[in-house]
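Common to both upcoming complexes is subunit A, partnered first by subunit B, then by subunit C.
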Partner chain A sequence: MTLVTSILMTSGAVAGVGLACGIALAMAAKYLAVKEDPRIGDVTELLPGANCGGCGYAGCADYAKAVVIDDVSINLCAPGAQSVIDDLAKYLGKASEQAEKTVAKVMCGGNSDQAPRKFLYNGVADCGAAHAVGGGDKSCRYGCLGYGSCSRICPVSAIEITDTNIAVVHPALCIGCGACVRTCPRALIKMIPASRSIHVMCSSKDKGPVVKKACKVGCIGCTVCTKLADGAINMEGPLAIVDYSKDLDNEAVVEKCPGKCIVKE
Partner chain B sequence: MSQTVIEYLLLILGAVLVNNFVLTRFLGICPFLGVSKKISTALGMCGAVIFVMTLASAVTWPVYYYVLHQDGVFGKDLTYLITIVFILVIASFVQLVDIAMKKFSPKLHGALGIFLPLITTNCAVLGVSVLNIQLKYGFLKSTVFGFAASLGFSVALLIFTGLREKIDRANPPRAFQGVAIALVTAGLLSLAFMGFASLVK
Partner chain C sequence: MKALNALFKFKGGVHPDYNKDLCRDQEIKTMPLPSVLKVSMSQHLGAPATPLVKKGDEVLRGQLIGDSSGFISASVHAPTSGKVVAVEPAATATGASCTAVSIEPDGEDKWIDGLKGIDNWENANKKDLVEAIANAGIVGMGGAGFPTNVKLSPPPEKKITTLIINGAECEPYLTADHRLMLEQAQKVWDGCRIIMKILEAEKIIVAIEDNKPEAIQAMEKVMEGTDLNASIAILATEYPQGAEKQQIFSTIGKEVPSGGLPMDVGAVVENVGTVTAIYDAIVKGLPLTERVTTVTGGVIAEPGNVVNRIGTSFQDLIDFCGGFKSKAAKVIAGGPMMGFAQANTATTTTKTTSGILCLGPEKACSYESMPCISCGRCVSACPMKLVPSELSQYLEAEDYEGAEEINVMDCIECGCCAFECPAKRPLVQHMRQGKAHVMIKRRAAQAKK
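So, the complex of A and B:
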């Protein structure tokens, strides 16, 4: 085989294989093409692109698809706030829906001064792991463990673990994606309207004496606040819970709470 | 059991444990380190790798014996083109599968879609195709070997991901955090797999 024929042979073989592949791909692209709604791309562009998953979908593109195809509500995007809802409403020709900014709140005030450790936990620094060891090292079995699982998952670093081992959400930074709510093994974090300032900072479902033993700022279930709050605070078993759908303007509840677990911020 | 069945079982066992693609042959290290942070993404990657490697083995074998080989359509020995032609064929084939999958199985596409282009021209995929030729396997044996090799990759990736998830929570010293401790872990895992060395001859 001379040099020229071998060069020709080589190029011919590679070109031939390439051509065959190219034709196959071109045919596939033509006959197997899937029509995608062009609005999905546009809606994705309008969304903030944080991919936080706060809407309950896998990411902004997935939510866009749900909005366009399944006609899902357009007010699920917490980071986008009102401006994105307006944009989406304008683009899709829907009525703009109102959304109040919601922020995460850790419903526990028992820091390490108030609710001491039961034992020395020396395992991996993760709330789920700590919770699994003997029900957690905190004296209260419902309180914040302070190992920062929520803080690590927060996409905008809005959650601080204080020096006294408790998680605190900074509402100004919180984008309301809800990632921390899904992470907390003790389900302490709740999404609440950002405008509200009076909270029951306790999630203990234990009875009064048990709570009192475990924590200095726990809800003992005395029901004093429910009488003052005019329906905006209700008892769920031995625990007082603020009903954020009702107005709560009587600040006396903060003063009168014998457990000192109701705070105004 | 018949001789062939035993032979194939040993082939699979050998590819998964003894000559594990990642830990013994050191192929496919990029996805091994790149997508081993979370089990859920690692699982998606495993699915894509098993899919691509098995099919790539099945596709490259005929290309070698009917196009590049002495007895192929060109009638000349073109086997020195193996690397470039295999890359070309595998890349286009995966693209083709991607298009077909989008049409016929959008669910599967949703699960594997983003991983398919990532794995297309990975060295593990090319490695298994070339090894099939070097070891002179037949068509069926090549395909089974491709599947077994990808299974071995998946086993290694899942073990490694599980380890990394735990290690990340265990607060390693600052200098070791992230990739450093991951590489140490990978090395130890590779040593552990050497224990299988004489399992299958």
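So, the complex of A and C:
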């Protein structure tokens, strides 16, 4: 067998196999095709593609499917905000729903200067792990431990751990996906309307004297703010909680708070 | 009776410094009543008890103050007579928070009326004996605190052939069980006979490490001429010889299957402390209100083995033992291998506090953790035949399913891997975290069903 014939034979064989497979694939594509609503693809295109899971579905494509097939509300995409809602409404012919941008907020202001460490912890640098050892090394058993579990899970790096060991969310960067809310072992992070500026920066469910011992900026449950806030701050046990569904414009609550835990940002 | 060397040797294990000389010759002392006793409702493994008293109530010693609420739970009794001054959450030795009842002793230490032992227990009904043990609130006093009555009521299809009495006390520093066997050998042996009566096992093996020759002699003496099929197994001094599964292998050569219980190989293991508590409960009718705790460590002025009421604060116990002679850097509830470091000395003792270890700065080093160098020392040390290095890498990546597949749930948290690790990796903490996550997942799956 000459060199030329062997080259021709192998090329021919490869070409033949290729042709046969090509025909098989073409037929499979035609006869075994899965019919999908074309709108799902289009809606996925309209979504921001962050795949953050903030809507409660496994990524943008899954949410798109839920919107098209199960008729789920179109205002669940926090990163997309109003523009995506408008786009979806236009495409699907639904009424545009109003959505206010929500951002995450760490409801604790007790950094390591205000709420010192009660012992030296040198184990795994993860909030859940630290919380499991002796109830956490922070003097307050409800406060931010500052080991950065929320910061690591944030898809857009919007959470900073400061030099004084506390997590701070940068509202301009936050896309509102809520991943940090689900991660925090102490359930300190809340989703709040981005337009609001007055917050109670404490989550301690301990009574006043205990809080005072543990932290310099804790809520001692004095109820002064509730009287000034006209229903926009309520007591839940010994802790004052801002009701973000109501307007809170009396800035006196910030100055009058004896625990110095109400801040305006 | 002649004690014989154990025939088997479990895989792995380590040889830490035992440091038992500090306390091994100290006779058990009884501590006077402290000014207040804070009794946690979580004295055991499983659901915490529900408090039955409120602030201001007068209680008598042995009165039920915590009702066992679930199947895996245990009753809690007042450790002395006095007044309840608070019922509020307090930190337990493990760091969790649980309701605790604070009692101010009235000094009379009066027992509640109507406590009566079972006369002639040799002819008593098995069920009555187990019930008496449950009513006395007895839990495994070796450290884990598993409710004893549950352990002593195996399902009928599981035939118990061997009762093993755990006198290994493999944790360094601790000598409470050693002193119990030495000073109260007869009581220990009578307790063993009660358990044999309940379980109707074929044989009983008392397992003791070879670093306690006096205890072996004492037990040999009281077991002389018994009509039971009894023996004493001398175990090599090695950590964790006192761990349930390792001890079963050392004594009868059987391996408890993964995820299984000792009863799957026909064995029940009871700690020496538990056995004496069972004796008190059956013969005298007394609930569990006190235990022996070893207070030791380089910075303790007069280390000793102390009988203390449940709920005594660590500080009171340390003061009773002469206080600190130099600055303490670390206080541990339990032994150095498996104990829990404490944030302060206000923590109170429970039924499982076998020791309070106070270390100076030279012993309480803190290390920086480095990446794994794949040396394999943790693999050789692991008595459960796991691969801690690989597990820790899975857990660091938060791949809990992967870790579950390579059997993270079999980890007994003995600490051999972390003890050996030259990179000082927090291996045990990784395992604990992994096990907690897997448990949450399993519970959620069960709740769905």
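Definition applied: the second predicted complex is superposed on the first by the 232 of 265 C-alpha atoms of A that agree within 3 Å, B and C clash if a C-alpha of one lies under 4 Å from a C-alpha of the other, contacts with A are read in each partner's own complex, and residues count from 1 in each chain.
We adopt the following convention: contacts are C-beta pairs under 8 Å (C-beta built on N, C-alpha and C of every residue); 3 or more make two chains touch, one makes a residue touch a chain.
None of the values given here were measured: they were computed from a predicted structure.
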Contacts of A:Arg141 with subunit B and subunit C, given as first, second, both or neither: second
Subunit B versus subunit C as contact partner of A:Thr10, first or second or both or neither: first
Touching partner for A:Ala129 - first (subunit B), second (subunit C), both, neither: both
Per-residue touch tally on subunit A - higher for subunit B or for subunit C: B
First (subunit B), second (subunit C), both or neither touched by A:Phe119: second
Which of subunit B and subunit C A:Ala29 touches, first, second, both or neither: first
Subunit B versus subunit C as contact partner of A:Gly18, first or second or both or neither: first
Residues of subunit A at both interfaces, subunit B in one complex, subunit C in the other: 124, 126, 129
Interface residues, subunit A side, partner subunit C - complex: 118-120, 122-124, 126, 128-129, 132-135, 137, 141
Complex interface listing, subunit A residues touching subunit B: 1, 9-10, 12-14, 16-18, 21-22, 24-25, 28-29, 32-34, 124-126, 129
List of subunit B residues in touch with subunit A within their complex: 63, 67-68, 74, 76, 78, 81, 84-85, 88-89, 92-93, 95-96, 99-100, 102-103, 106, 166, 169-171
Subunit A contact footprint on subunit C (complex, rising order): 91, 95-97, 340-344, 366-368, 396, 426, 429-430, 432-433, 436
